[in-house]
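The following pair of complexes shares a single chain, chain A, combined with chain B in the former and chain C in the latter.
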Partner chain A sequence: MNSTQTQPAPRGRYVPPRFRLAAHESILGIILVVVLIALGFLTDRFLTVDNLLNQARLMAEVSLLALPMTYVIITGGIDLSVGSMVGLSAILLGYSWHNWGFPLGLSIVFALAVGTLAGFANGWFITRIRVPPLIMTIATMALYRGFAEGISQAHSVRGYPDWFYIVGQGDALGVPTQLWIVLVAIIVFAVVLKRTVYGRALYAMGFNEIATRFSGLSVDRIKLLAYTASGLMSGLAAFIFVSRVSTTRSDMGMGMELDAIAAVVLGGTSIFGGTGSIGGTVLGLVLIQLLKNGLALTGVKGDATIMVIGSVLILSIVITNFAQRERYADR
Partner chain B sequence: MSAALASAVPVWRRRRLQVSQEWLLLLGIVALVIVVGLVNPRFLALRNLQTILLGNAYIAVAAIGMSMVIISGNIDISIGSLIGVLATVSGSLAVAGVPLGLSWLIPILLGVVAMSIMGAFVAYLNIPAIVVTLGMMSVLKGGLISVTNGVWISNLPPGFLLAQEKVFGVVPMPVFLMVVLTVAAAWWMRNTSAGRSMYAVGGNVEAARLCGYHRQRTLMMIFAVHGLFAGVAAVLFATQLSVIQSSVPANLEMTIITASVVGGVSILGGTGTVIGSTLAAILIAAIANSLVFVNISPFWLRAVQGTLILVTVLADILRRRRRAKAR
Partner chain C sequence: MKLALTALALATTLAVGNAWAAGRWDGADDLAVNPLPCGNEAAPAPAAMAYDGGMATNAPDKVGKPITLVDVPKLIGIGYFNATSKGIHDAAAELGNVKVTTDGPTEAKIDEQVKFIDNYLTRGVDGVLFASNDPVAIAPELRKALSRGIHVVGYDANAEPNAREWFVNQAQFNGIAKAMIDSLVKEVGADKSFGIVTSTFTTPNQARWIAEMSAYAAKCYPKLKWLETVEAQEDNILSFNQASTLINKYGDQLSGLFGMTSVATPASAEAVTQAKQCGKIAVIGLATPNAMKPYVKADCVKSVVLWNPVDLGYAATYVMRAIVDGKLKPGATSVEAGKLGKLQVINGSEVLLGAPFIYTKDNINNFDF
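What follows is the complex of A and B.
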């Protein structure tokens, strides 16, 4: 919000974004290794294959949200409604199967479609009517959650057939099924961001939207696609979530948007847009999940863990800010 | 220079020909009361109307500070957690035997301190408010639950509950404070240099700088004042019922932001008044309360809130576009 106004124009020698990002990612990588070693020493239940695979299972949904969130934040926008889109898609998955008699396969497709449509609506208002992304997604955060609560009347749906749980609770080749989905998604999002015109356009837009428009790129279509992707991945996350916990409830995904944003920002994507990478986001996701799990295993209560993550988030931004300021001011 | 001054000219002067957001909201409240009252007269019971105002005065008070923050082009999503923490502090002090005056005053001071710290991050370290307050929200929420262990505070000393106090023997204390603080803040924002500086910084930073406003200092002031109102809101929340829960209502920050936005405060630039945000807080509370009386499931409440924000923002954008065309 007001990004062009609140950030002072950087002065001094220009450092290519790629170099800066690499620096941030390697700092994160080092922190990650230190955390791994430290927690490994503190408790012997942490560095086990079972535990780590289980953590991968638990972080699948947030990971799927954080990938498109990286795109959206690189363009200089934000999407606060992803948690609510998860809730709405999940409710409609369960509701269409249980109450409207859809075949379960169709319900899954329906949930994905609902998520996509919800994301498209965000993008449409943001690009066509020019509603600021923050305010648009605050509105739909309430609206989509409201639909989920209103439609379900807070009733949960259970009793899915066994095959439905394969994605959320099963294994494939010794690894949780959803981890494969997440890995494919990570590769697709990373390749598109680094190797396609679309990906480069995302950066260009976050760096200078007007210049991008004058370069002949369809700024609106690029943004619309990013927000729609956010919706589609929310739908997918909803399906995996329901499959993992065996039940559908209207409060699913509440607060997940903040977890996703925290991972993206921790991963070095500037909230002002123009810089960021999928690799950084993945590191951010892994770091947060391992901190949560490791601290819990060493006996720190869940609520104190949230405190640690909040502090890590603020600290990492402060450090990055100082590092970048020094690089710009070294002339 | 003239362009810079134009952005600092009060909006109410430019908008004279149009129906202002405040009047619209007032109209909305009156219409709602009449319609719901016709459908179900029990809604009009004095006791019910009083419940609406009493139970939501703290939201209106918090929305005053939030409006200032949004007018300046920032946002605060930690407010719900902060109110929870400060309310717990207030209750714990009172139970520990600290004089009542102090157990009301200390949380307010703490609110100012906490928000000033966040303001310093935003103003001097140039970290976006959404990131600072997002991190702070986790810290406060986690801290609150791990310190209190989720235990509710009860056995509050007699006289602690402000909700039972009456000013002039008729007006409940929270409602009185809500009205007085709203009017005072509205006057301050409209008629003093410090108040105008908030609009200036939110409207156009460069123009504000040329007019001699100091961006950093203005932001610090806004966050400190926001903390003051958050503190008062927390005390009102703590002194409502005979127990203080260790958690605040879910999504309290969203309800407060909704009140500000629906009240006419625009993220697009420095416009909006706190009279609007207070009226919006009352309207939203009245809608929430009325759903039961017209047989609509309260589970639809959040959808109604979302629609309200969307409609307000769309109306604001269309209004701006029409004005831009007319020029």
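What follows is the complex of A and C.
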């Protein structure tokens, strides 16, 4: 006798993940527009091309870090060591040029390689040795920072040739140079996420890693690639940072990991994995940066600005949760 | 097998990394040093140098008119920069036609400081007063300010000379070094050992002082042994921990601790008090009087070498006003600074506040900052 218990009908409408995210992004977009209008109203220096381009220049490094961070968080992991990887790459850029006599072009490539290797080490330990990402990246956060400080002996390297500063301080076609790099990165990361098997696999891993593994997808290789990409982008961000401030310091990048994660989470990526998009991350980045800038321009002091950013983070997540309203009974 | 190989690789990396990293960290910078004569000999008059500061291009003419300034210290929320800020605002109130805002990051990070300055440049100010976290990293931002006709004056911690117009130097670097080392020797003797607690090894003023201190000690007290310099990043708890670590590590060998920041010195004094080494370990450093009053009263700290940070901020505002009014031009040899009188110009584009001021039990109660 078939006494199959049927599942109780889910309460409310079932909203598939992609729509959930689209709703979040739309709400975020609306909040962004509201903020833009309000700040533009309060100060006339805010909505100028000069100011907006300048802000794009200042947020280039965190943007580059937030892109692979989206991938990593979608898989349900996290990478807290990006700030330290930036510091290590930056120090080795200067050190290899100054102390080992590398030609500067080679030093830049070396810095990128160091970042990639650092990310690869993260990924290797997480996939092969099965260290949880949170613990691994907390450990490497300290380890890489220690390497940076030990190798550099806290000496700064300065005095780069003029062409080196074009990336960080120059313009190309009227737009800050690093903005072009960031735009290319955004397009690449977005296309890979939405249009390739790799991107779909990331989502699958975030939802249910075991099922993904049994579906024949190479989960380890996918994760490894994500963390390596995180390292590579850290190296690139380090290069842009050094070019922008014309010096290397062993404390570079401290705190950048939290900025990147805040932007990613604000953009709708669930910290538990499975949902997220590059578009949302970009919206999150823009919102936070413009808020910081706009508030400072209206005269709000530094400490109050931090409070406002925190409140906006909480508010936008509450609003999006409230507006979507669907609750899946056993999710 | 895999695990063993991994462990071996990790251990090797750590060992190599540590061996590579080991080595004396002295916290000094690489610029030239110029130690003063030992003892009480008078210092030779410094040679006059050509002006090497930057210039604001096409600055609007605001002679006698009200101006708006922004003051961006290394960080806000510590006693020292509260004091400089007070001096800046006092001078602004006295002058009557200067409006100043003090704003800055809550941590001594150069990236944050650059962002703050950048926002104020966009807002539109007539002048920027700064105390930099890194002399080179802040330079591109300051040059941007100069290119927009905004005046730039530094105090406490310098930037590259051509990124600012003038720099108000609290005391000659070698003068501070001499005062610090002489105070230590007076208290414990010339053949003892000491440690240093500083902010970071790249902070410009601390690095200069340490460089001068080691040069002066090597010249005048060759038997004075310098054990170690530790970083404490203007953080209270870290300073205390680092000082305690030094005390525990060197035990009886340690006779003196230098605190190079206004956060490190009270923390070091606290560490010495809690380790019950008052009187056995001398604590000398720069700090605001209020922070040191309990330790000076308890006779744990005999002298605090400093200058008056309120006067420093005061002088900075007056220098800025003098630039805007056209009274301070490149090549000048002195500048009028209100109640401080005439201040000398040294090193081309620096304004000297005066000789270091020593706070002791007798006079520390006269100050409240």
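Going forward, the second predicted complex is superposed on the first by the 302 of 331 C-alpha atoms of A that agree within 3 Å, B and C clash if a C-alpha of one lies under 4 Å from a C-alpha of the other, contacts with A are read in each partner's own complex, and residues count from 1 in each chain.
Criterion: a contact is a pair of C-beta atoms (placed from the backbone, for glycine too) under 8 Å apart; a residue touches a chain by one contact, two chains touch by 3 or more.
Everything numeric in this text was worked out from a predicted model, so none of it was measured.
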Request  = Quick one: classify A:I138 as touching chain B (first), chain C (second), both or neither.
outcome  = first
Task = Check the residue A:F147 against both partner chains and state whether it touches chain B (first), chain C (second), both, or neither.
result = both
Inquiry  = Looking at A:R158 after the superposition, I want to know if it touches chain B, chain C, both of them or none. Which is it: first, second, both, neither?
reply    = second
Query = Given the touch rule stated above, what does A:K301 touch, chain B (first), chain C (second), both, or neither?
reply = both
Request  = Applying the touch criterion given at the start, work out whether A:L258 contacts chain B, chain C, both or neither, answering first, second, both or neither.
outcome  = first
Query = Regarding the shared-chain residue A:S26, is it in contact with chain B (first), chain C (second), both, or neither?
reply = neither
Ask   = Which holds for A:S215: it touches chain B only (first), chain C only (second), both, or neither?
value = neither
First (chain B), second (chain C), both or neither touched by A:R249 = second
Ask   = Counting only touches as set out at the top, which of chain B and chain C does A:N99 meet: first, second, both, neither?
value = neither
Key: Contact breadth on chain A, by residue count: chain C or chain B   = B
Doubly contacted chain A residues - partners chain C and chain B = 129, 146-147, 149-150, 153-154, 250, 254, 301, 303, 306
Key: chain C residues within the chain A interface of the complex   = 2-3, 6, 17-18, 20-23, 25, 27, 30, 76, 103-107, 109-111, 114-116, 118-120, 122-124, 134, 136-137, 139-140, 200-202, 231
Task = Name, in rising order, each residue of chain B that touches chain A in their complex.
result = 73-75, 121, 125-128, 130-132, 134-139, 141-146, 202, 204-206, 250, 254, 257-258, 261, 267-268, 297, 299-307, 309-310, 313-314, 317
Query = Which residues, counting only chain A, touch chain C once they are in their complex?
reply = 43, 45, 50-51, 54, 58, 125, 128-129, 146-147, 149-151, 153-156, 158, 165, 169, 241, 244-247, 249-252, 254-255, 292-293, 296-297, 299, 301-303, 306
Ask   = Tell me, which parts of chain A touch chain B in their complex?
value = 1-3, 5-8, 78, 129-132, 134-136, 138-147, 149-150, 152-154, 250, 254, 258, 261-262, 265, 271-272, 301, 303-311, 313-314, 317-318, 321
